[in-house]
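Here chain A shows up in two complexes: once beside chain B, once beside chain C.
Our next item is the complex of A and B:
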């Protein structure tokens, strides 16, 4: 019966849908998005988040942040704001501070729980231009910004006691307005009781 | 403090070598514009290696010209500098376009990659030869 914790306890922690009191975590693997999230709700409304996201193992975004439950009823709606760092290798390198705001929504139906995540990520960095002239080396830094919108949806399934399996599709828009290929992921989640 | 923090975040460094190019573009036709372009003689390695990789272009009138170019220094292999010119005698902005004139081109090859002052003398005289063919025929 423990897989029904989400429905029986008030404000259970939930890393897939977001928010809740107590500790929850999940690890996600997929193509092309991977990551983990650890969160702890320290009150009925507020909690902190530590997480790291990766895209194809070349783009990494570790972050810490705060989350709050905006609405708790038949549907849970949470909002989160995070700050961290974005580093990317490969042909389009990036190295700079990042922020992210997101809204998560989930609704339980027994063991099943569809969820939706919408987010907006922003990052700053510099393009350095070095021009060697006959007399001197000219150096110019140009501020660059990146805006990535994220959209994921999926279904979490209670599999054993406090563990869930989540299947999701990712429809991000990395470095808008560039088009990004959609992805899919599977996650194993632990949601703790307060 | 914040500005210092942000300025320490370098995504990428792109490097150039600034060269002052001077010379003469000679032609019997002193009215039609000359399209001058700068190319790496060779760019990249293995399957991606290719000749005459253009990185800048400018239009000049026949006669003496002066042009400052910033030659990209990419992470990958590059070799040599090509200065290519063709004259747009039919003013269609296309080199040897369909139903147009037979137009002429010329090229200079500079293999010394330490120069900051380069002088070239170019006289379009090769009928409808694109930079890749011109380089392969005369400089490789």
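Our next item is the complex of A and C:
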């Protein structure tokens, strides 16, 4: 039996490819990026997003944002803007606001749907260094900025009505120009109909 | 089975230069435990790892700084032996005790130790610290002393600390001196702490003590090399002064290798080759020691060093100054 998932769902909400009317969500686990995204399209074009990302459970970035469908045809292209907070523990502690602009693209082929996500993240943070000299404790606060280019691609596979399994690779460039090791993830996604 | 044998076989040591295989000794390497490393140094070390390894760097850093890790780094560059430094700089880079260094060098016949001491509360603790330093130097593989006035916050011309130089001389243990401003937080970058011209009285007072001027006075804060003339001047004037070119020729400090090449050129043109002793200031990150060695070899090649002259720098002078036995 031919399983035409994407024909059955008219303008489906989609948190992996982005856009759509109604509610969609996915949870991803992988190395080193984990996270979830909840999306609700409140019109044919516009929707809101709530998400949180984690890297190695040491770096967290919760965000909220708006998304819009830019093009809907054989390919769906969506754009999103998000604002949130970046917090990181470890030797380089970070706490500060973050913003992200994102473009998502997906194209269905029956139950298979390749997707691509490209984005640019920016964050501000304050780094505090405490130096105990012979005379006093010196506290030095340094305002830092971080620019991360995000890039992920993968394949979503329809597994049961509104449910998909997505396999992806993550190739961000965190705190450019520092080098970042690519990662991979698996996600389970609910792709709701309006 | 063949792969297993290849993986376990001893690496070929030495580097090829002008058709000759030369021994290489790295006289400046660091070891330590994560918890004893200063905050600024922890950040520096983790920044050397690709993301996301820097988020949880403890085990990676400790592996890199262990005797096994350092030996792996020596193997990558074909280096024969290395000196591991004790450090007592709690206000900046942290602490790596004589006892810890001894525990590392006893694991390998390719590693030697450079002892140090704390100068905190010197008026009360000085005698005790000198005694501990003397005891550390009795270990047959503890062959020198490391001091970093800028990290340890004591003046180079402060006579209260001259007993350290005297003790080192009495033990035939050359004293490595960090010279020039350091990029690490918690250092004192003012002249009496970084400029070895302030050390001149001690150099003259203790002619039996050998002083190795680390980093050759390079200014890591402003990334300038004009301060290096201070070190050249002392090396030319005193028999007990030696030069060590670590760190300032790294990819981050000297991307094109010009500063390092200029330094080697000056040293050759001014007959100071016999005063140069190679060190890297590694391991910093995997591959750094091999890369830094390669950059020094390239700089010597650009400056027209013969194979004999390159070997003097890379191992010959270190073997003589530190009285090292032949290896293996």
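Just so it is clear, the second predicted complex is superposed on the first by the 172 of 194 C-alpha atoms of A that agree within 3 Å, B and C clash if a C-alpha of one lies under 4 Å from a C-alpha of the other, contacts with A are read in each partner's own complex, and residues count from 1 in each chain.
As a working rule, contacts are C-beta pairs under 8 Å (C-beta built on N, C-alpha and C of every residue); 3 or more make two chains touch, one makes a residue touch a chain.
Fair warning: this is a prediction, and the values are worked out from it, not measured in the lab.
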Taking the superposition on A as described, I'd like to know which of chain B and chain C A:129 touches: first, second, both or neither. both
Could you look at A:90 and tell me whether it touches chain B, chain C, both or neither (first, second, both, neither)? second
Check the residue A:32 against both partner chains and state whether it touches chain B (first), chain C (second), both, or neither. second
Is A:160 contacted by the first partner chain B, the second partner chain C, both or neither? neither
Classify the contacts of A:58 with the two partner chains as first (chain B alone), second (chain C alone), both, or neither. second
Does chain B (first) or chain C (second) touch A:174, or do both, or does neither? second
Common interface positions of chain A, toward chain B and toward chain C: 129-134
Where on chain A does chain C make contact in their complex? 32, 55-56, 58-59, 88-92, 129-134, 140, 174-175, 178-181
So, in the complex, the side of chain C touching chain A is made of residues 39-40, 42-43, 45-47, 50-57, 90-92, 153, 185-186, 188
Please name which positions on chain A make contact with chain B in the complex. 93-97, 124-134, 138, 141, 143-144
Chain A partner, complex, touching residues on chain B are 5-7, 9-18, 70, 116-117
